[in-house]
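Both complexes below contain chain A, partnered by chain B and then by chain C.
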Partner chain A sequence: MRQNILFLMAAVFTGILVWNMNTVYGLPQQVQNVGAYKIIYLHVPAAFTAFTGFFAAMVASLIYLGTSKLKYDAFAGGVTEVALVFATANLLSGMIWARYAWGIWWTWDARLTSMLVCVLMYYGYVMLRQAITEPTQRARLSAVMSIFGMAGVAFVYQSIAWYRTQHPSPVLGFREGGGMGPGLEAPMYWNFLAMLCLAVILASVRMRQAQFATEIDSLRRMAHNH
Partner chain B sequence: MMYLRQILTIAGKDLRSEIRTKEALNSSVAFSVVILILFSFAFDQAEGFEAFLGGLLWLAYSFAGALVLNRSFARELQNDCLDALISSPAPPSAVFLGKALANYGLLLVVELLSLGVFAVLYDVRLSGKLPLLLLVSLLATWGMTVIGTTFSALTVNLTMRELMLPVLIYPLLIPVLMSAMVLTTGMLTDVPIATNMVWLRVLVAFDIVFTGLAVVFIDDVLVG
Partner chain C sequence: MDPREFQYTFFGLLIVWLCVAGYALSLALRERKLKAELERVRRMVEKN
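Coming up: the complex of A and B.
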């Protein structure tokens, strides 16, 4: 059953990706005098996927603290790692675009800074997980860290936005003042869906690995006791 | 009432043992003075140096603070004191708040001593600015204390404790440190407080939110 869901996800992901690449290829080279804008089809969905992942991890952490079932911890851990990869992809693609459009790799702008802080925070989460060997202790402590991290992200995001901003204002239609133009937004949402599928696949792979790791660990303990 | 007395007992115990050994206080004051001296080479008192002053002061505070916070729960590991504390009738949140209160006092002492050194070394005139600086310090230090004490409890059983704590707390502390830096710099360069009110609000909100979170989740951290 689980295998089938994964295969289905992979098929959806590949389908959307191929279809989308075709669509994006046909789009104009410049929109509103901004060149190389097509990187946004990677950049923005990656950020969405990352934040969806971090949020899902927080929810799973809360559920773990309520139920003490290790599978929720495995989910939180796996999803955070995958989200971290997408957050990094978002940062790197943004930097490449900034080099093209602004002539610099990095600027201490609100969005860039808060994303970087967010990545550092969850990098700490992954480090914390690796530093604890005892499974239930790891689950408890990293669940608390995940919840604190999400609250921290909210604070960091808002306070840095007050501090300074230079980032192009949000372009998607559901925020005010946005709007890229007809036909330009749809591929972004489709890409978001595709990346979510990919994230689910990767997270389930990580969860399976976590499962095997616990099994190996318990086998080792059994062998040790004999 | 009982709860309050438990908090005060634990805070008193921590403060007493710190006053007797002074291990955290000495090292963290010395460290913050060293940092303040090192900064003088980084900035070399150049033109427009005032714009850095708030940031400099709070960096020194936060580096020195990590030393105090690191010790907070780690000192209970000897003779299994931590297990005794957890199994005592005081609920985990009282243990946490007591320790946080003690850390708060220690951090404020470290900050006060560093502030004197800072004012002398960088020729900062503090007269007339002290009440506001005190308010900012009280608010921002509580934020630092809550996060620091929570993560001190969270990392206490790790072998890499001293390394993990800074990695985990500094990203979380960014809103606090940023607000404190903006407010302090504004104060030292005579910017009217009205323009910086939003940062005062960030500090208050941060303190409330994270104190609440810490009190709710400290059971999971300490007991499980």
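Coming up: the complex of A and C.
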């Protein structure tokens, strides 16, 4: 039943995203002489979703360090994995836009490099969790890594304000120097909301799988003790 | 619209969906594997 509700919710939010992309299709072909700019309607929401996930994981990690309750560690692990998917999607879609706009897939500027380092760091986090089998040690080390990882996220966010990068400077209206024009930003925020809901659904499925894994471990221990 | 621009926009948007769909598929496969394993271990415990 719970699974069916989750799948239904996923379908609804995917539907919102698809409907919203129809709105995006109707927007002008070019803004400020930038072509293929519509990629940012998924590129930016994917980044925001990833950053929200990394932030939630950091909060859960801090709570774990304070309380030693493993449910917060499971939450942080699940949310980080899902956030990583959106961060990877952000990087790849950005590369495709870069190929069109700059003629190259990649450049080592502050924004792109810091995002790549950040993504690799969180892949390291996921690998660390798989490598350590002892739950308390795994939880403690990954909590520390998640907290350090958030510093990387903050750097990625601010890098376009701190450095003159090939990556475009802030485009969203709430940031200094940003602003795309009337009606152009709203679909991006709607996409962010839909993506965030999708991420919550994926994370809840992932956390339930973590519960299965814990149950399997405890049953195995029980079988060995007999 | 310049066909090159359309192609890049299409693939730029598609890659995001592919990442999410790929992950959702991997979750579904993992869930199936975990459920089978859980069932197997449960049977093992019941036998003991």
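One rule holds for everything that comes next: the second predicted complex is superposed on the first by the 201 of 226 C-alpha atoms of A that agree within 3 Å, B and C clash if a C-alpha of one lies under 4 Å from a C-alpha of the other, contacts with A are read in each partner's own complex, and residues count from 1 in each chain.
The rule is short, and it goes like this: a contact is a pair of C-beta atoms (placed from the backbone, for glycine too) under 8 Å apart; a residue touches a chain by one contact, two chains touch by 3 or more.
Values in this document were obtained by computation on a predicted structure and should not be read as measured data.
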Answer with first, second, both or neither: which of chain B and chain C does A:Lys38 touch in the superposed model?
-> second
With the two structures laid over each other on chain A, which partner does A:Ile5 touch: chain B (first), chain C (second), both, or neither?
-> neither
Where does A:Phe212 make contact in the superposed view: on chain B (first), on chain C (second), on both, or on neither?
-> second
Chain B versus chain C, judged by how many residues of chain A each one touches = C
For A:Arg140, is the partner it touches chain B (first), chain C (second), both, or none of the two (neither)?
-> first
Regarding the shared-chain residue A:Ala186, is it in contact with chain B (first), chain C (second), both, or neither?
-> neither
Name the contact category of A:Ser93: first (chain B only), second (chain C only), both, or neither.
-> second
In the superposed view, which residues of chain A touch chain B and also chain C?
-> none
Taking the complex as given, what residues does chain A use to touch chain B?
-> 65, 117, 120-121, 123-124, 127-128, 131-132, 136-137, 140-141, 143-145, 147-149, 151-152, 155-156, 158-160, 162-163
Give every residue of chain C touching chain A within the complex, in rising order.
-> 1-2, 4-5, 8-9, 11-13, 15-17, 19-20, 23-24, 27, 30-31, 34-35, 37-38, 41-42, 44-45, 48
Chain A partner contacts - residues on chain B that touch it in the complex = 147, 150, 154-155, 157-160, 164, 167-168, 171-172, 174-175, 178-179, 182, 198, 202, 205-206, 209-210, 213, 217, 220-221, 224
Taking the complex as given, what residues does chain A use to touch chain C?
-> 10, 21, 29, 35-36, 38-39, 41-43, 46, 82, 85-86, 88-90, 92-93, 96-97, 99-100, 198, 202, 205-206, 209, 212-213, 215-216, 219-220, 222-223, 226
